[in-house]
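Shared between the two complexes below is chain A, which pairs with chain B and chain C, respectively.
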Partner chain A sequence: MSVESQDLNLCANDNRGQLQLGAGAGLVGWDEVTQGIVLTSFNGDATGIANKKAEERTYSEFNSYTASVASWRVNKPVFNRDICIDCQNCWVWCPDSSILSRDKQMLGIDYDHCKGCEVCVEVCPTNPKSLLMFNEHADLDESLAAWPEKKKKEKK
Partner chain B sequence: MAVKFDLNEREVWDGNYAASQALRQADVDVVVAYPITPSTPIVENYGAYVGNGYIDGEFVMVESEHAAMSGCIGASAAGGRVSTATSSQGFALMAEVLYQASGMRLPIVLNVVNRALASPLNVRGDHADMYLGRDSGWIQMGAFNAQEAYDLALCAFKVAENHSVRLPVMVHQDGFITSHTAQNVYPLTDEKAKAFVGEFVPVDDMLDFSRPVTYGAQTEEDWHFEHKAKQHKALMDSRTVIDDVFAEFKELTGREYKRVETYDMEDADVVIIGLGTTVETARVAAKNMREKGVKAGVVAIRCFRPFPYDEVREALEGAKAIAVTDRSSPGGAMGAFYNEVAAAMYTSKSRPMVTGFVYGLGGRDFSIEEAERIFAEQQAHADAGHITTDIQQFSGLRGPHLGFFKTARG
Partner chain C sequence: MAITSIKNLKEFSTNNDRFEGAHTLCPGCAHSMIVRELMNCTDDNLVISSNTGCLEVSTAVYPFTSWDTSWIHIGFENAATSVTAAQVMHKVRKKKGTLKDNDAPVKFVAFGGDGSTFDIGFQWLSGAMERGHDFTYICLDNENYANTGGQRSSATPVGAHTSTAQAGTHSYGKKQKKKDIVSIMAAHGSPYVAQLAPNKWKSMAKGFQKALEVEGPCFINTVSPCCTEWKFDPKDTINLTDLATDSLMFPIYEIIDSHELNILYRPKNPIKVEEYMAAQGRYKHLFKPQYRHVIDMVQKDIDDKWDLLQRREEARL
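Let's look at the complex of A and B:
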């Protein structure tokens, strides 16, 4: 298990998580803001965009996809490829679409949008779990090294 | 294809029926409603037009006025022509959502049949609900009779949907006195009315799947102020569009509307300025006063928001004493309408005397005799050269005199 599989830009196109909220970039005057605070989600014609993968979509600067909205996360989920069975349970349950998966294979976490809610850990069925919560600042290699052993079934 | 609705050149309609006919002729796509007295027949009639095939639209009954305006916002953002009606407590329950509609620049038309706000519970007409909407960012127009409720509802769509405006519009009429009094109304033919209102041309509609948009974004201190400023500018700029729409309506019908209406004002010394059905009462009183040699005139606000400061000042510049009539309990201040008229006159050359009257709460009748008494009082101020009474007085109230504040210019 290497840290590369937890690449932070996993499955990202060029502009995912690039903007920092409240960074003050691009502030314009009252005469230039959009009418009714109506914001476009994509640049250009978006016909059929629902059938495209996230990294192929032309997300606009107004779309939260292009912003990092995870600054208040305290604990982060860490993904352990060696144990995962690709059941997609975490992908189904994640409320922030932050589980990155392609062709039914779990790839990792979108740390620009994950809020650290722990739902993915809760629903993970493997033993030990393939997703566990660590301190936001914990090193990924150290986290994986500290992974618990398989628990024996307790006899009733 | 909708069934043809037969109309006579002259109909006998009350204000509610007149407003509902305007909704039918404007081909309103969606009405989302929670009915409340005295505005119920407006949405009830629209529902009947849908049910009987007179209009190709959708009537959605919801669980509250909060939900009614929320549904209107959804339908309007989706790209439809949308309207509803409410009064009083229903209006108050809508209040939160009214700000959403104007902030999102959605051209919804809300027919407000003015009614007092509880407590005490009261179904009669005063302007407490109308005043509650005065900072909500909506355009507010006032009808003084059934014909005007019909005319202004048609004009409202045309103003709201103008792409340089894109703001919601309230058309106000007084509960019962206008809404339930049958009067002669001269409607347009369906063809003329449809041509006047025009086809709905959507802006940023959510059903355009080639251009998905987000409505209702959150903004904090770095963006909110700029958005509210832009919205205020659009509301201020709507004045010329309203004037243009009124001019076009006059061309079509011969019926003339102005944001500020004036009656007998050419040489008036003493003036009552008012809103709603009070205006017609004051006009009769002014005629009577003129027979007694008092140069009395009446000014009426057709467009309460955006407030017509320039036109009010212009209309009142030549007057000596002005009585401003507030039909809403001011809750520990001068009446809101008084404040606005007084502010406008403070920057006039002549700075006439301005006093305020709180009157007609909960549907208390405002009589011609009382209007004449107010005119006579204004004449006394004019003769003395200063305000001789309290600046704020209650009119038509039982019990001892109730008034507040004296002038320092006496």
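Let's look at the complex of A and C:
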């Protein structure tokens, strides 16, 4: 269950995380831009964008949604579906809009936009935590297998 | 106004983000938490303006934009001016009926860092407040000029080490007190002024909604811990905000119509400011014996301020 939900890239558009920041393939440099140039966030009509989910939007190549900051990360958060209680603490405090959450359910992490700041791990209230940091190159199954046991409360 | 329901966090999380990832703010920066929360608490169209600062330079790196709404940036100081100009234009065009959708509700929001709010953009903000436009100004208060290398601003508290008010053998960092921006803005006769913090997401979202709903110029000061310049681990952003609100360094309160003061969060067990300072590198020098008195001084200021707030709440003035 846990592995499947992470493999399912439920709200991935075709163009998410395709570009590297600053690369600007095929574009003129920032110092050569002439006055009056228009870089739009969306292709076509953007009316009512607040009511559209990410997968329903038509992001243009100038929206940073199409860019990736995955290279910033040293450690990545790994999500364990079996322990998660869908409290959405990680969603509200993620600074990079990287927690994928649909219909009150936490689905996984957007590894194209996550910078690995570990805030989501800190605010996770479950015992053991349902989000933990692992090395960027760690295997998902191995990480889930290495998940710590429930900690007992120490009696004072 | 299309308010999105914020009864609980699960319900709040069904909103669609309008602030995209892959901006270049530092990992663990609280700016984007605050901006995301503002954009999630309403479904209305937003016109946003930013002062120069961390938020502006990191969300508009050519050729990318992280904003899914209209966004204006002109100069360091004039987010308030540019967004009020847009608001006046919207009002006139609505009257003439030349808008694409005449009935669509639009909200006008300006973001500024503490440098551009407390110092550089203060005159522009004050002017916009005085003219009484219908807009909301949100200050992301990280207590220094973080974008340019952590210089002191008039929001920096006493005793903090900054790159232009350095701590050493003869100095304990900044010597001047922080400007009380919330009271200054309330004195402009603003209908809604508040100080909020991202760790109390519910009071923050409710405050934002109230500010967007109320007609007239509203001001909100939000605490935004800066892991780079306050020198703490990025993962502790929310923990540090907890310390800030529990030590009453940043009391959370609102002032309605410049007289009705409500305290929105009362810590059950207020902690000493020492604990808040110990969590950050910028206060490290205060724990040397010769600068011990500065901590006591700050603690006394906080106690006096908290006493004043409680009295004002009781007396409704």
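A few comments on the model shown:
Everything that follows uses one rule, which is that the second predicted complex is superposed on the first by the 135 of 156 C-alpha atoms of A that agree within 3 Å, B and C clash if a C-alpha of one lies under 4 Å from a C-alpha of the other, contacts with A are read in each partner's own complex, and residues count from 1 in each chain.
Here is the rule we go by: contacts are C-beta pairs under 8 Å (C-beta built on N, C-alpha and C of every residue); 3 or more make two chains touch, one makes a residue touch a chain.
Small disclaimer: the values here were computed from a predicted structure and weren't measured.
By the document's definition of touching, neither partner reaches A:Ser130: not chain B, not chain C. Touch criterion not met for A:Asn80: it reaches neither chain B nor chain C. After overlaying the two complexes on the shared chain, residue contacts for A:Asn51 are found with chain C alone; chain B is out of touch. Touch criterion met: A:Val38 reaches chain B, while chain C stays clear of it. Contacts of A:Glu122 after superposition: chain C is touched, whereas chain B is not reached.
When chain A is checked against chain B and against chain C, the one touching more of its residues turns out to be C.
In the superposed model, A:Trp30 lies in contact with both chain B and chain C. Of the two partner chains placed by the overlay, only chain C lies in contact with A:Ser68; chain B stays clear of it.
On chain A, the patch touched by chain B and the patch touched by chain C overlap at residues 22, 24, 27, 30, 33, 39, 41-42, 46-47, 49, 62.
Touching chain A in their complex are the following residues of chain C: 9-25, 27-33, 36-37, 42-45, 59, 61-69, 101, 198, 201, 234-239. Every residue of chain A that touches chain B in the complex is listed here, in rising order: 22, 24, 27-31, 33, 35-42, 45-47, 49, 62. Of all residues in chain B, only 103-106, 166, 203-204, 209-217, 219-220, 222-223, 225-227, 229-231, 233-234 touch chain A in the complex they form. The touching residues of chain A, when paired with chain C in their complex, are 17, 21-22, 24, 27, 30, 33, 39, 41-42, 46-47, 49-54, 57, 61-69, 72, 86-89, 91-98, 101, 103-104, 110, 112-119, 121-123.
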